[in-house]
Amino acid sequence: MTDAKNTSTIVFDRATKIYPGSDAPALDGLSIEVRAGELVCLVGPSGGGKTTALQLVNRLVDLTSGDIRIGDRSITDIPAIELRRTIGYAIQQSGLFPHMTVIDNIGIVPSVLGWEKTRVRDRAHELLELVGLTPVPEWADRYPSQLSGGQQQRVGIARALAADPPVMLMDEPFGALDPITRTTVQDEFLHVQRTVGKTTLFVTHDIDEAIKMGDRIAILKPGGLLAQFDTPEKLLTEPADDFVAEFLGQERGLKRLSLYTLSDLDDLASADATTGRAPWPALPADTTVRNALSLAAAHGAEGVRVLGEDGSPIAAAPLSRLVHLQSEESV
Amino acid sequence: MDAFPKAFPFMVDNVGLLLEKTGEHLWLSLVALVVSAVIAVPLGLWLGHVHKGEFLAVSITNIGRALPSLALIAILIGLVGIGFLNVLIALILLAFPPMLSYTFVAIDSVDRDLTRAARGMGLTPMQVLFRTEIPLGLPMIVSGIRTATVLVVSSATLATVAGGGGLGDIILNQVAYGMEGVVAAALWVAVLSILADQLIGLLGRLLSPRGVRHLTAQADAVPV
Amino acid sequence: MSGFAPSGDPIIPDYGEVSDCVTNNDFFCTDWFVQQWPSVFWPALLDHILMTVIAIVVGFAIAFTAALVAHRRKWLTAPFSMVTTFLYTLPPLALFQLLVPITGLSLLTVEIALVAFTLVLLFRGVLSGLLAVPDDVKRAARGMGLSSQQVLWRVEMPLAMPSIISGLRIATVLTVSIATIAAFVVDAGLGAPILKAISSPFNTQFIGAGALAVLLAFLLDGILALTGRALTPWTKASR
């Protein structure tokens, strides 16, 4: 796969958009830099301009002022249609072409770019495997109407990746899926994105999704202004202003804990160091700290035990460690 | 070509004749439409309400569309002889399919959630029909009547072939009335047809409850 | 009666003996029908097919172009719609007669009138098909970098196909039906044997020609339906 090498930065340079007929900007002077290979989530309430910001990148909407650069080239340097063929684009309803098979859907941009048929087909097969729709022959010739919502989204992602673009734009792609499917598809997409290493701009209104998916998160507030642009950890521990704090909600302390797993806690006591009457639940090491806390509360326990690879408890984490994360010595 | 300018003096000179023929034409059309409606519309309402008989409605529509009016009239000559009755039967048979199928579709396609809500509120089936389904389906029912009207007025021009009278008597008798007469009568029947179509359309819009009027714009005098 | 329908006895070639069926003017005499096939019915059928096909092809060409233009410039939809609906509302016979002074008793007159009838159905079929393409599909297509032409021909047109075929089917069936009236203008098509036999009603002649017209309509409808299904494989797919 050539994917890992082909990736660029996206730079917003005071990007502003004012729609005709309206005085207030939909996006007001956004200046952020997305690093190559990074997944940045754009979040915010409606009216914040996050979808506008996304659509400015592939010029579905044109800038009023400012610039956006992909790599070191401004998006206005080449014609819009050519530009779009170099950007992967996935939307909420997947927008799969109902009259084309899965294979044909995935191969649409490459074939429009003039790739030979065998190359297109091989690429489509490769991508179907990447998004987990295997065995490939079973899926290749199906029509979108024969797929579930989650499967359609996966094909949508494969389609966005097909021409090996340096950057990807995703517009609330998982919004229409039910919660269980959404979790599965999110996990798979994270895996895909890490594998291909493509710079991705991901719009969502769901702050939990942003925290889960994003390397960094840009929060936009009404009026199209940037409230804060930071890693999830930083956002949750140091919100820049009241708006961000409120947007993150009172659960942000807990949300932060979902960024860590039990395996992140070092220097734990041995598994028999339990206290209190209720037995401490034994959980796998990849359980998030937040879930561990939740389960401890559910059992009325004063901590949890961590399971080793062999399935037996190897350490104990009291509530204080779950809350503080670091051990007392390192504070 | 000079038939056209000459047609207007013809109209002036022969107003009485034209009106007489128009009267025959309209009477024939009206009777046919009313008889057909009396059978087709209630049948369509009932079938649509119970959501049965779609295949029947579709088949009848297809056959009705494929049946040439001329052939129908000709065949009826053999069965019924010539005259008013012959053409009347033919026109009733022609008007029946669109009235039935449009009415059926109109009632059948009313949102089931709405009818379910109505039944859930305690309305009897008849009340559901008259208070929910018919008002919502009215634009399409009117559309069916409109289609049938245009078809009947148009086909009534052929009545002359079986001695049924109407403006066809002039249109197909160049020998007696000259080209200018033919053109004059043809213009009259064209106007008649358009007026009938617009009139039904207007009636439909007036009868539709306000919330449903926007649907009238979509349902037209064109078979769907 | 009318000045157009020729009067006189039906032409029953008498090869020495005629079957009882014919003499009694029963409902349908197969033997007579078969006898007359090569000289009466077959040519009439061929003419009829020709008239229909020309009308549909020309009508479709005009309506399709008009629909594409109206798709681009929405404001044209209403005027096109009104004109084509107007043409559709005119009684066919009246339109024929209005054209005769201009284009004579010719095939051209017939075709102009037949084409005029198909227009509204075909225009609506194409346009409503194009309008029914889901917005998210169009947005994805644009966003991926397909040009407007590519979006139109690779995405919108195929998805509009079911509606287009539907319009074509209805228009074809109606044209076959109306083309019988062409016999008032030219001595061609299945309307001719019907007209000729009107004044001395000989059942087999009407019924034969009428039945042929109905069968032709169904045949053409069936062909179009099958073609439609072949062109739209995704509509058959089920989960």
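Think of it as A, B and C in the order they're written, each chain with its own count starting at 1.
In this section, contacts are C-beta pairs under 8 Å (C-beta built on N, C-alpha and C of every residue); 3 or more make two chains touch, one makes a residue touch a chain.
Being a predicted model, the structure only gives us computed values, none of them experimental.
K.L.:
Need the most distant chain from chain C, centre defined as the mean of C-alpha atoms.
P.N.:
Result for max centroid distance from chain C is chain A.
K.L.:
Suppose every chain is reduced to the average of its Cα atoms; which one is closest to the average of all protein Cα atoms?
P.N.:
Given all protein C-alpha atoms shown, the central chain works out to be C.
K.L.:
For chain B and chain C, what's the span in angstrom between their mean Cα positions?
P.N.:
20
K.L.:
What's the distance between the Cα centroids of chain A and chain B, rounded to whole Å?
P.N.:
60
K.L.:
Distance between chain A and chain C based on Cα centroids, please, to the nearest Å.
P.N.:
56
K.L.:
Could you pull out which chain B residues touch chain C in their complex?
P.N.:
Contact set of chain B toward chain C: 1-4, 62-63, 65-72, 74-75, 77-78, 150, 153-155, 157-158, 160-163, 168-169, 171-176, 179, 182-183, 185-187, 189-190, 193-194, 197, 220-223.
K.L.:
Mind listing the chain A positions that touch chain C in their complex?
P.N.:
Spelled out, the residues of chain A in touch with chain C are 58, 60, 81-87, 89, 91-100, 108-109, 112, 142-146, 156, 159-160, 169.
K.L.:
Taking the touch rule as given, give the residues of chain C at its contact with chain A in the complex, in rising order.
P.N.:
134, 136-137, 139-147, 150, 154-155, 158-159, 161, 232-234, 237-239
K.L.:
What does chain C use to touch chain B in their complex?
P.N.:
1-5, 25, 27, 85-86, 88-95, 97-98, 100-102, 120-121, 124, 170, 173-174, 176-178, 180-181, 183-184, 190-191, 194-195, 197-198, 201, 203, 206-207, 209-210, 213-214, 217-218, 221
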